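Per-chain numbering from 1; labels A, B, C, D, E and F assigned in written order.
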Amino acid sequence: MDTSLVLQNLLTPPVLFFFLGVLAVLLGSDLEIPAPLPKLFSLYLLLAIGFKGGLELQHSGISGPVLPTIAAAVAMSLLVPLYSFLVLRLKLDSFNAAAIAGTYGSISAVTFITAESFLETQHLHHDGFMVAALALMESPAIIVGLLLVKLAAPQKRPRQEAMRWGAVLHEALLNGSVYLLVGSLLIGFLSAANSPSSVEKMLPFTDKLFYGALSFFLLDMGIVAAQRVRDLKEAGSFLIGFSILMPLFNAGVGALLARGLGLDPGNALLFVVLCASASYIAVPAAMRMTVPEANPSFYISTALGLTFPFNIIVGIPLYMGLVNALIPSAG
Amino acid sequence: MDTSLVLQNLLTPPVLFFFLGVLAVLLGSDLEIPAPLPKLFSLYLLLAIGFKGGLELQHSGISGPVLPTIAAAVAMSLLVPLYSFLVLRLKLDSFNAAAIAGTYGSISAVTFITAESFLETQHLHHDGFMVAALALMESPAIIVGLLLVKLAAPQKRPRQEAMRWGAVLHEALLNGSVYLLVGSLLIGFLSAANSPSSVEKMLPFTDKLFYGALSFFLLDMGIVAAQRVRDLKEAGSFLIGFSILMPLFNAGVGALLARGLGLDPGNALLFVVLCASASYIAVPAAMRMTVPEANPSFYISTALGLTFPFNIIVGIPLYMGLVNALIPSAG
Amino acid sequence: MDTSLVLQNLLTPPVLFFFLGVLAVLLGSDLEIPAPLPKLFSLYLLLAIGFKGGLELQHSGISGPVLPTIAAAVAMSLLVPLYSFLVLRLKLDSFNAAAIAGTYGSISAVTFITAESFLETQHLHHDGFMVAALALMESPAIIVGLLLVKLAAPQKRPRQEAMRWGAVLHEALLNGSVYLLVGSLLIGFLSAANSPSSVEKMLPFTDKLFYGALSFFLLDMGIVAAQRVRDLKEAGSFLIGFSILMPLFNAGVGALLARGLGLDPGNALLFVVLCASASYIAVPAAMRMTVPEANPSFYISTALGLTFPFNIIVGIPLYMGLVNALIPSAG
Amino acid sequence: MKRLDLFISERELPQIVKAIEAAGAPGYSVMKHVTGKGPHGSVSESMDFSGLGANAHVIVFCEPEVLEGLREGLKPLLSYFGGMAYVSEAEPL
Amino acid sequence: MKRLDLFISERELPQIVKAIEAAGAPGYSVMKHVTGKGPHGSVSESMDFSGLGANAHVIVFCEPEVLEGLREGLKPLLSYFGGMAYVSEAEPL
Amino acid sequence: MKRLDLFISERELPQIVKAIEAAGAPGYSVMKHVTGKGPHGSVSESMDFSGLGANAHVIVFCEPEVLEGLREGLKPLLSYFGGMAYVSEAEPL
């Protein structure tokens, strides 16, 4: 493990503000970022990352590794929940196992963004189509999670109609955060083709502010993640182990796939981070609706209380080391 | 109708984000921008547009077409409610007719801003004094609206004292959004004269962010406008027709006036847009207070559910075509 | 008193927006910046001022006048409450006297920031270590305030346990705003040393937006301060006199100290402003918890309703004049 | 003791509060951002940006005598501007 | 007249409101951003950014007959999704 | 069953919640951002930016026995910090 990479990641404003938030909770400070301010930053980050991805996708075009990479990403978002479910069923009932499995098949946009920022400090190139992969990995995992419930859960559920496929697909595809991300991607794509001068005028908002807004949001994420640590005790050592080992395993699979796809180191890191991260935005909201039998504190505290901090703090530089070992830099 | 202008307008981020918001409602996405975040953007836009207008007014000075244009704008804000009222009385009672009439005499700052952005993509010059016209068109229409109620409504209203002129003038002149717009205009004007270095330091906030913040706000406006479409059915075909035809008529009158005033194409477009737009910020809040007998869903859904989207999407390029036909460009 | 300095300060956007807020209340406009938007700006300003201070501290290093200045600042935050308490006890009970005394020993970050902006329009240099002084003056004053209650108040208080020293130190040191300011300072300091490229990416957020965000926040501060003026009547002429004369006296002491410390005019002004300002962010929240016997409208309305506007409008240029008289500019 | 629950538009809050104070109520509490539906239709928070706002929920605990004054002062406002008011029983803790 | 106080997750609000309307209630009021604790654990506002949200407090004033319909429509939702409901007495002002 | 309505400063919320939990209440609900007026004067939201905040409205539904414990735990807090508390009757739906 390349400790200099870890240190380089650690001493940047986004990660330090994340720590500041965690520490606020541990020390008992009353620092608080009241609702709906975190929502403002969350909406902004989704809009900006989508828009920037759309611009880059327009410039790079849809060729070369684009489609295979996106296909591989979607495949991972279908596969990860399946094998996660099998592991989780060792200790948990079908409802909880399916909800957590879906969470780990999906992605964390903030982890992705932090990895992008890390790449920029490393002066490593990455492509806009990775944002398309990000956008397309959210929904399939939700659907697989719910499919697992339908197949594996006790036959008679009181409100079976809540599981109508229409409702599930609706939740998976039109969930606010998925919708905003995909919509902004399309808007970036269309604007870049038709109105370069208007794109220019968007950049101070979507580009220049981005890093600072990410740092501010991570301050809140640090607070929220640390508040979840208490729940982890309730979740027990099995889930704690799962929250670290499953991302590591997924990262390994992701790195091999990235190598097979011929991705360059920057895109490879992002691909690995997509595989290794777990959703705490779109998926919990979907699961609460469609698998109310599952305990939210399980799927939120694993994804947000442990996997997210792990990825932000040591995961990203660790995966960079892995990528560097597997994929020789072109330079 | 110049379809290339329509397309150029359509494929810019502000209009596309507006569409994204509309589509979110039509498709049933749970995308939501919770209160008071839209208020943040609304306050910001008023502050920034006022401040920028004040700067430009300081630089251009108050000469040439400035005073006649402002006088014509105020005249239109008095006239439009009068003939609108006559039309509306064909089908509606005095209360509703007066409230809607006032709405159409007043202006929509967001439509104005979107038109400014459109002019910039067209590389057409426009002047700061148009913001002064914008600021001065809000209050007279409110007053005329209430005057119409007083004159035409049944003599005995239960809480006559609510219609004390003091209260009405207060609401018209000191309404939060009118006040912020006019105040920011004055601050821009004073700062530009006395402290150019401080103006320089304001610009990243008021200028650079502007386009992105407008796009974000229009995402919410799209959501809110689409939610109003349901109310339009209740309003019936008369009001639906009114919401499209009255702006078109007002645009025609405005274009002729702009030509008479000798405005160049950029300022002419803004003048037309002021005439053709209807208020859904200052006026509804004023009407709710002073004409509670009127049905808010009528004056909000016409101005916000139909006239606003119409102007944003096809109105602006349409009016540009009209201006281009009537006023030969100096270039 | 140098009236040209007063005018130069007056006609800048931050001070004009403050006036606009005050006037909104006086005229009865319904302009409102709803919660939690002011909190967003308040958090942002603390984060940005801390971060920038940390950067500058890293560049300047901890040498020369840094430590003596910080020590003098902390000493003033201990001393001011002591002699303020003696003065206040002439008319008030121990609880109210201690709470107000603590308020005046502490500082107002927004006054400090406005003074920094004033220095920039004056093209006067100032150093990052002054932000460290700012950060370190908040807590001691809170502690002295509570010590005074403990020593001087009636022996038997109903909930003595609320005054446990642990709780008091906790409140003083981990109060959200103190914590965010100190944390951001450290993050700026660490980032500047280890990741200059990431600092570069923070600047559009922390630097470029700063002046505009300050102006927006001061609009709200104007509203809030003017709403407090009513309470001042209740507070009576003794407290009104105190709110003006005590800052002037503290400014005098501060200016002499600054001269003794050999500070250059820019840093000297900031030092004076720290001495002359009173806290209305960290301290009231702390006092409400730990001296509930004191009347909040007293310590809030003096610090926020009178001392703050006085400092913002005439204090800063006045103190500049004083500094100019006492400390010859190096240039 | 009586408990009065009022649901009115945020926009009318200042007038309602004035009437409550005029009736001599010993205190009141206000919650804004209330949405809902009533005889006058649906109220959402979506016009909040315009200053129009949603509903407010006002609670007043008072003696029965004060309630009479409140009824007198509030009824005309409610019938003119819309809004609902309900009374129930309560005791201080 | 009856007063019904419901505490449910914001996420289930649309379904709860649908059930209230289906039961023929004359109106209802909704307050969001409610935190709290109940048999299913603590609810805070910290996940608000994710669309998960906190609790909502729904109040319905209605006649006793309507309450029966509400009970029928709401009970299954509450037992499936969690949430609490309490009834008390009230009168129009 | 009993219903307890508390109105206190947001700043004292953690201590109040602690007392409610200590009294063994089966649950509680909290609404922040409550403004109002009482014997100790007016409370607005304008100091929210400073962390001082407005009032909170806390609701507890519980059995009469638990109410006794709540009274004991809450009364000293209310008399020291200010705040009001009212009790009424309610039944589960």
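Everything that follows uses one rule, which is that contacts are C-beta pairs under 8 Å (C-beta built on N, C-alpha and C of every residue); 3 or more make two chains touch, one makes a residue touch a chain.
These numbers come from a predicted model, not from an experiment.
Chemist: Give me the step distance from chain D to chain F, shortest route via touching chains only.
Modeler: Shortest path length, in steps: 1.
Chemist: Are the interface residues of chain A and chain B largely the same numbers on each copy, more than half shared, or largely different?
Modeler: different
Chemist: Can you check how far apart chain C and chain F are, centre to centre, with Cα atoms defining each centre and the answer in Å?
Modeler: Here the centre of chain F sits 33 Å away from the centre of chain C.
Chemist: Rounded to a whole Å, what is the gap between the Cα centroids of chain C and chain E?
Modeler: Here chain C and chain E have centroids separated by 45 Å.
Chemist: Chain A to chain C: how many Å between their CA centres?
Modeler: About 41 Å separates the centre of chain A from that of chain C.
Chemist: Quick check on chain F: which residues sit in contact with 2+ other chains?
Modeler: 31, 33, 51, 88-89 - these are the residues of chain F that touch more than one other chain.
Chemist: If you look at chain B, which of its residues touch at least two other chains?
Modeler: Residues 30, 32, 34-36, 39-40, 175-176, 204, 208-209, 285 of chain B each touch two or more of the other chains.
Chemist: Touching chain F in the complex: which residues of chain E?
Modeler: Of all residues in chain E, those touching chain F are 4-5, 7, 31, 33-39, 55, 57, 70-71, 74-75, 78, 84-89.
Chemist: Considering only the defined contacts, which chain C positions touch chain B in the complex?
Modeler: Going by the criterion above, the answer is residues 7-8, 11-13, 16-17, 20, 23-24, 27-37, 40, 117, 120-121, 204, 208-209, 211-213, 215-216, 219.
Chemist: Write out the stretch or stretches of chain B touching chain D in their complex.
Modeler: 34-36, 38-39, 41-42, 158-159, 162, 175-177, 220, 223-224, 227, 280-282, 284-285, 288-289, 292, 296-297, 300
Chemist: In the complex, go through chain D and note every residue touching chain F.
Modeler: Touch list, chain D to chain F: 1, 3, 21, 26-33, 59, 61, 88-93.
Chemist: Write out the stretch or stretches of chain C touching chain A in their complex.
Modeler: Listed in rising order, the residues of chain C that touch chain A are 35-36, 39-40, 43-44, 47, 51, 170, 174-176, 179-180, 183-184, 186-187, 190-191, 193-195, 197-199, 201-202, 204-206, 208-209, 285.
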